[in-house]
Amino acid sequence: MTDLNIKRYIAWRSAQELQAGVVNLGIGIPTLVADYLPRGLVTIHSENGILGVGPSPVSGEEDADLVNAGKAPVTILPHSSFFDSSLSFAMMRGGHIDATVIGALQVAENGDIASWAIPGKDVLGVGGAMDLVVGAKRVIVATTHLTPKGEAKILSRCTYPLTAKKRVDTIITEYAVFKIRQGKLYLVEKVEEISFDELKKITEASYKIAEDFKSVVRESAIDNLKGEILN
Amino acid sequence: MTDLNIKRYIAWRSAQELQAGVVNLGIGIPTLVADYLPRGLVTIHSENGILGVGPSPVSGEEDADLVNAGKAPVTILPHSSFFDSSLSFAMMRGGHIDATVIGALQVAENGDIASWAIPGKDVLGVGGAMDLVVGAKRVIVATTHLTPKGEAKILSRCTYPLTAKKRVDTIITEYAVFKIRQGKLYLVEKVEEISFDELKKITEASYKIAEDFKSVVRESAIDNLKGEILN
Amino acid sequence: MKEGEIKTSVEFLTAEAAVSRIPDKSRMMVGGFGRTGTPEHLLQAVIDNTEIDGLTIISNNINETSNLHHLFMQGRIRKAIGSYYTTSKEVVKAYREGHMDIELIPQGTLSEALRLGGSGIPAFYTPTSAGTELAKDKESRVFNGREYVLEKSLTAEIALIKAHKADKAGNLIYRKSARNFNPLMAMAADLTIVEVEEIVELGELDPEEIITPFIFVDIVVERGKDND
Amino acid sequence: MKEGEIKTSVEFLTAEAAVSRIPDKSRMMVGGFGRTGTPEHLLQAVIDNTEIDGLTIISNNINETSNLHHLFMQGRIRKAIGSYYTTSKEVVKAYREGHMDIELIPQGTLSEALRLGGSGIPAFYTPTSAGTELAKDKESRVFNGREYVLEKSLTAEIALIKAHKADKAGNLIYRKSARNFNPLMAMAADLTIVEVEEIVELGELDPEEIITPFIFVDIVVERGKDND
């Protein structure tokens, strides 16, 4: 499976969690989630002051005054509105955003998340991540299961500086879906392409199998995505 | 001198303090100040969400959605804007309003003001008075020198519940103008229709004669106002 | 749903159906300053639904000519939080005789407490009322040599507000000084019910001009479109 | 002044004349998110006026393609307060080597600190950053069982902002997502200088649509109308 297919699978699987309402999508894999959202039912919020972010503009029709939080040109929709950063973060912090899908460096089994700084690395920015995570009604982490170096990201305890404590609701990787329920980590979905033992090996956190656990075939999901991916 | 002429003189004298900028006018005598402001140079702010309050509408053209803080119908001007109560009070509390002219029940020689409650009386409201007084760059109290019962209003210390501490800058009555400078009360203007001794008798507060003190003839000012008053 | 159609979670109901969602003993915000911008149509529906009782009302005032005053006269308001009640002799009397509790807060503190309540900020320091009777039971603190009072932000189960127009997504615009507390209350309540004069098609409201984005709105009621 | 004319305290100047009002070692807010809504024309005038030095800049970020970055590269910024500097290697390097001080605050805390700074509210409690490294030197407090951090509001001597249009009173409207921090900074500075694309006659801006009333504006500069 290519890297892009892995990312697209994670994004598609995250989109399955979002069938209506307002969502804020982070940078990276979460940005791809937009491609799989049910059109017209999910509205995208961008923290730089847009409710109702539309698709990328066709080439030549970019507007320097109309960008998303990743600074990429976007368009708007018939129900969109513009506002200042204060109202935008009021939407986030005030609990008005139904869900956010964000990336993470580490997630802990109690729902802690670290997503903005790596000790010793030249990272000097937090942006809107902390507000998003403390405020959204549901925090969905969409991430590859391991770091590029093969280190575990789902841990018993985060070792990197935290973005927020105990705010993650769902973790979606290319292998599994976890949920944090009453402060404990549950495996709710696993792809058949990996065994329980293998999953355990690459997941440092302790988790239980959820009562509503199910197994899915990733390849068939990806096959169904192919058409969309190639569009 | 009639009561109305007294009130109009106080209002006119208050307007002389306001030659440019943004002003918020309280209820009562302060409302009359609008008639004497230099047109086009002073903008009136109304705390219910208008910057740029215009004159009263002609009869039959009242709009129930366009009222001032006294709930009276008003009009707008070519530079007016509407906003919510939060932004309106941000203008006040944030120090953006150049001056306010308000009434008072009592003013103390240190600049304390009491304007919203009389012990034992059925007063159950504070409205925007406290925000106005803490926020405006200049607080001008426009009031009759004595209560209708003949009691002193300019006191060594307020006995009624305070609106704010040490915020009054100028006190304007039908007899005198006082300024509070470095926490002390100074007489800066007296009408020739009253003697220094008489003024002292009706002013419970201690005050000094300011270096820039001047004496004025009230009747001639009122005579000049007559045309306007009768308009 | 048709191709290209947009559907938000905002519901479009009659006033009667909308107010049936208000639980008994609710904490309820009511927009308006004087009578300007007050949701009279929704308040009439509350009056008509006698199951709604024991309300705590957060509103700037209780105007004598408003349906809110009728609701009060029916004894259905047990507490009021606002800035100005002097104009109603009946409200003052009810307070003095202990029939209704009143919490008086300065108008600017009220407006900021609403906006911050809707913004996830639970408390803030304001210079307003420092050193006065209204602050006597409140914490105070000095910043840069000036005294400030700690005020708690306001939230509620319900907000009844009035806007000029809504589009079919639930975005709102207001009219002139009828805006006042309405957009702030929309943000601060769990369930925001808005009365509008007109519902317009998507795209008819300029995205630069929308004051309350639909994210703060739950139910829209069009005035005069009920069978009443 | 002609009969019926309206004059506010807002001045209309060239960029050069406007920035000459900026004192050395100022605390200065600069609007924009990335490059969108950044007052590039005013920043160019600051670059050209070499007497302005030792600045403390409050801005969300220092975009590598912005004149704000040029100003930084000239060593004229001694401190930056904002939310995101990772994208500029040079800024990160200057910070690590101690050439520039940086105060990192979450973007939502920044935006609310600006708005409240302009509103006379000196401090507020936010849930954002509670329990994280960014809050380690800050006071925290529990309200209703949740931890909140005490944040100080932000004010400054100067704000350089960008708007779409100003009318001749100084009222402002913005364009699309270029609004961002600009209206908030306009409120929070002693001297607010705004760069606009166009100055229009009084009455051309709808009073319902004005985002920044002139009361928050001191100087308006029209882009491209200078002799430069």
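Note that the chains are named A, B, C and D in the order they appear, and that numbering of residues resets to 1 at the start of each chain.
One rule holds in what follows: contacts are C-beta pairs under 8 Å (C-beta built on N, C-alpha and C of every residue); 3 or more make two chains touch, one makes a residue touch a chain.
Here is each chain with its UniProt name: A, B = 3-oxoacid CoA-transferase subunit B; C, D = 3-oxoacid CoA-transferase subunit A.
Because the structure is predicted, anything quoted here is derived from the model rather than measured.
Participant: Going chain by chain, each one touching the next, work out the least steps from chain A to chain B.
Facilitator: The fewest touching-chain steps linking chain A to chain B number 2.
Participant: Using the contact definition given at the top, which chains are in touch with both chain C and chain D?
Facilitator: Where chain C and chain D share a partner, that partner set is A, B.
Participant: At what distance in angstrom does the C-alpha mean of chain C lie from that of chain A?
Facilitator: 35
Participant: Where the CA atoms of chain A average out and where those of chain D average out, how many Å apart are those spots?
Facilitator: Taking the mean C-alpha position of each chain, the two centres sit 31 Å apart.
Participant: Among the residues of chain B, which are close enough to touch at least two other chains?
Facilitator: Those would be 76, 82-83, 86, 89-90, 92-93, 134-135.
Participant: Enumerate the residues of chain D that touch no fewer than two other chains.
Facilitator: Only 112, 115, 119-121, 126-127, 174-176, 207-208 qualify.
Participant: Select the category (line, ring, star, complete, other) that matches the graph of chains linked by touching.
Facilitator: other
Participant: Can you work out from the touch definition every pair of chains that touches here?
Facilitator: A-C, A-D, B-C, B-D, C-D
Participant: Show me the residue ranges of chain D that touch chain B in the complex, using the header's touch definition.
Facilitator: Residues 1, 4-9, 115, 118-121, 167-169, 171, 187, 202-203, 207-208, 210, 213-216.
Participant: Spell out the part of chain B that touches chain D in their complex, as residue ranges.
Facilitator: Against chain D, chain B makes touches at 20-22, 40-41, 43, 45, 51-52, 76-83, 86-87, 89-97, 134-135.
Participant: Taking the complex as given, what residues does chain C use to touch chain D?
Facilitator: Within the complex, chain C contacts chain D at residues 112, 116, 119-127, 143-144, 146, 148, 152, 173-176, 206-209.
Participant: Which positions of chain B touch chain C when the two form their complex?
Facilitator: That would be residues 46-50, 63-68, 71, 76, 82-86, 88-90, 92-93, 117, 122-131, 134-135, 161-165 of chain B.
Participant: Under the definition above, what is the set of chain D residues touching chain A in their complex?
Facilitator: Its residues touching chain A are 33-37, 60-61, 83-87, 89, 91-93, 95-96, 102, 104-112, 114-115, 126-134, 174-184, 211.
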